[in-house]
Amino acid sequence: MLYYFAPTVTVNNSDPSSGKAILQVSNLVAGYQRVLPIVIDVSLEVIQGEILTLLGPNGAGKSTLIKGICGLIEVISGEILFQGENISELETYEIIERRVAYVPQTENVFAKLTVLHNLDLGAILNTQAYAERLEKVFELFPDLSRFRDTTAGKLSGGQRQMLALGRALMADPVLLLIDEPSAGLSPVLRNQVFQHVVQIRDSGVTVVMVEQNARAALSVSDRGAILANGRLRLVKNARELLEDPEVAEIYFGAGSMARAS
Amino acid sequence: MIQYFIDGLVSGSIIALGAVGLSIAYNVLRFANFAQGEILAIGAYISMAFIVLMGAGIGSIGPISFGWPLLGSIVFSIAVTSVIVLVVDSVLFRVLRERAASRITFIIAAFGLSLIIRNVITLVAGADQMFLSFYIPRAIPIFGDIKVVPDDIVILVITAICVVSLHSFLSITTMGKKMRAVAENPILAMVNGINVKSVIRWSWVIGASLSAIAGTLHAHVTQLDPEMGFELILPMFAALIVGGVTNVYGAVLGGFLIGLTEAFAVAADLSAYRSAISFLIMIVVLIVRPQGIIGEKERDD
Amino acid sequence: MIDILSFFIFFFIICSFYIISSLGLNIQYGFTGMFNVGIAGFFAVGAYTSAIITGPDYPDTMFGGFELPILLGWICAIVVSGLAGVLVGLVTLRLREDFLAISTFGIAISIQLVALNAESVTRGPNGLYALPKPFSRFLDSAFMSNLCYLIICIVTIVFIYYALERVVKSPWGRVLRSIREDEVAAEALGKNVFLFRLQAFVLGCGIMGLAGAMYANFVRFISPQDFLPIFTIQVYVMLIVGGKGNNLGAIVGAIVIWGLWSASDSLINFIVTPDYQTQAASLRIIIVGMVLVLMLVFRPSGILPEKKHLSS
């Protein structure tokens, strides 16, 4: 009931000082089955070099949207342009080959393989400069270096999240899609993850993340996009979203209630 | 007694190679392929076809009762069997995969397929047993009193080469690493940029190749029989489970164990019941230690 | 005229054994989702039980030949098959579906091996012969005897059908279906999943045993060759084509597939010379195999899909 207040909003709510769009989603309809679309008529631009956070209640279609972008969910209609190329009909591995990386929310590491092995697999498409990229990942996540020969399944939740991000970075992506990076983590670890996301962005990667912890995520993002019931409701500068009392009331009020419970 | 042991190793090799195909299907393709035995049969009959076409007989190399023609037929059989297997996957299993059919549906399909294959072989080659070659169990002394049949040694060597090659493939090559990733978590593998469809095709080919070799060797040691697939499938499953389902080397270990078990059953004059004995061991393992000797506990997915 | 009628009577009698087996499988696979690949084995247990209980005393067996009434033979068959189901179920039902398939497959093979080798009881490959047929003392002609048998079969089928329909709509049946759909949820609701599955399994096995017993006392001679895995596959094709989870589907599927099988048999006998008979037989099996595979690909729910039972 709270979420029907705005009509669907389309493109071009970007920050005027920003650069060009790296990803353009136009009128996307996507879902697991044709007859049951989850993402409904979403149009969105992702600006190169930004951190864009997708927000909204459970079941809003945020995860489905990014799965649709990387080909794990069927695109029923609409278009997805990545660096000018239409990727909506491509297979997942072809999209990944184009330097899009995706970090799922669960099962995001190969639990039976070692940390090093996981990172190895991350680089499987492009073994050039493997050593350098491994160095960079270890710089960003020193724990991974320390535990490089440990089986991934034995890592703690926070370490596993780092490994999942590290694995994605080994492919030297241009665009990184992350599904709820802070899920299941304590507030301290959560902030650490978000700091890592900022560092990743600073190294030149555009980041789109789905998050439930709206306030914390927005505080490190450039823009936020709010989805509800499969539709895009609002796209705004992150700070404006944080400061907007109405939005705060509706989204963060609900969010903080959820966190409190 | 030694002879029984070696017989066990020989039949164990054949079961092991077949069980590896089964293991790959189980771990990468995620279903129990009841038609795997028939793939061995196809391999054997294609070898026969090659030898008949070439008309040069089996040949012999020194004390070994087969020669280059048989080895040539194995190569030919690997190629043809792989093609057949890829066609079947493309026509049947791929369709079921795309529909996300249940595991049981795959198994039923495999059953139907095994029935079809077995009877196509009967249709084309007749129901009678045929001799691929003549395995002459003439033991030749090597050290002092110890006598060994040369063919057996060659078979064991071929198996060793296959196992070592497989190991190298899986640990060193990129495709091997991709296969292991897909076996562990197909979606994460896709997300990693791995072309899972390509991995699936490779898995079928590797399984089929090893099965073609195993089938031909089996036909050499015994004979060609349209029922050979059916006779081998239970020992192969027993090998898979006893050795450890999640681990391809488990299939190899299991193969040898089951081969030896059956050989000792024959030695103890229980030849008629030997499949039942293998099966009994399999059931015991399933109850007591379902992950097998060197397997790991599986998550239920 | 009598000839044609005879043929159809014979056709439907044999078909009945498949129908009953199909109904038994429907409980296990259709309603509870248990993939029992050992149907031929339980059918064989029923057949041999009845043969041993009702058959004459053979000179070369140490056990059996009790020559007891046929009805008793059939009841014993149900019980012994059921017991076999308990044994097998206790060992295998906790396993996952593919392991259950492998296990039951192996069990059927083992049962056949025992039938082949336990010569002091089963006479091995020579089989058990001269088994009594119901009412054979009172009826002279084969035609009347078969007609009588057909009536027995139809009565049995009707009884089993209605009994199973009641069972399926009952609370017990609902639990079975919930186990099939989501075992974890059923466990969470406090249902002892294993016990329910065992009950369904044993019920199915008992029914298959009855089919086997009825088979034995009709054909009057059984040997291990009658219980090959092809039987298991035939029943699966019948259930899948007819529509698993639907008792009427089980019946329809059995009739359709048995019809196909018999028709192709006659057709092949008509067309093909005796030289090629074995190969022609293979063609028949290939056709049935293809029907199964095509059905799985194009219409997995079968001719008569499962009825949606409304929960009260």
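Order of writing sets the chain letters: A, B and C. Residues in each chain are counted from 1.
Please note the rule applied: a residue touches a chain if its C-beta (ideal position, glycine included) is under 8 Å from a C-beta of that chain, and two chains touch if they have at least 3 such contacts.
Quick caveat, the model's predicted, so the values are computed rather than measured.
With centres computed as the average of Cα coordinates, no chain lies farther from chain B than A. A simple rule picks the central chain: find each chain's mean C-alpha point, then take the one closest to the mean of all protein C-alpha atoms, which gives B.
As a whole-number value, the distance joining the C-alpha centres of chain B and chain C reads 32 Å.
For this pair, chain A with chain B, the centres built from the Cα atoms lie 44 Å apart. Distance between chain centres (mean CA atoms), chain A to chain C: 55 Å.
The touching residues of chain B, when paired with chain A in their complex, are 174, 177-178, 180-181, 184-185, 187-188, 190-197, 296. In the complex of the two chains, the chain B residues touching chain C come out as 26, 31-32, 34, 92, 95-96, 101, 103-105, 107-109, 111-113, 115-116, 119-120, 122-123, 126-127, 230, 234, 237-238, 241, 272-273, 275-276, 279-280, 282-283, 286-287, 290, 300. Of all residues in chain A, those touching chain B in their complex are 70, 72, 91-93, 96-97, 102, 104, 107-113, 120-122, 124-125, 167, 171. In the complex of the two chains, the chain C residues touching chain B come out as 33, 35, 37, 91-92, 95-99, 101-103, 105-107, 109-110, 113-114, 116-117, 229-230, 233, 236-237, 240, 278-279, 282-283, 285-286, 288-290, 292-293, 296-297, 300.
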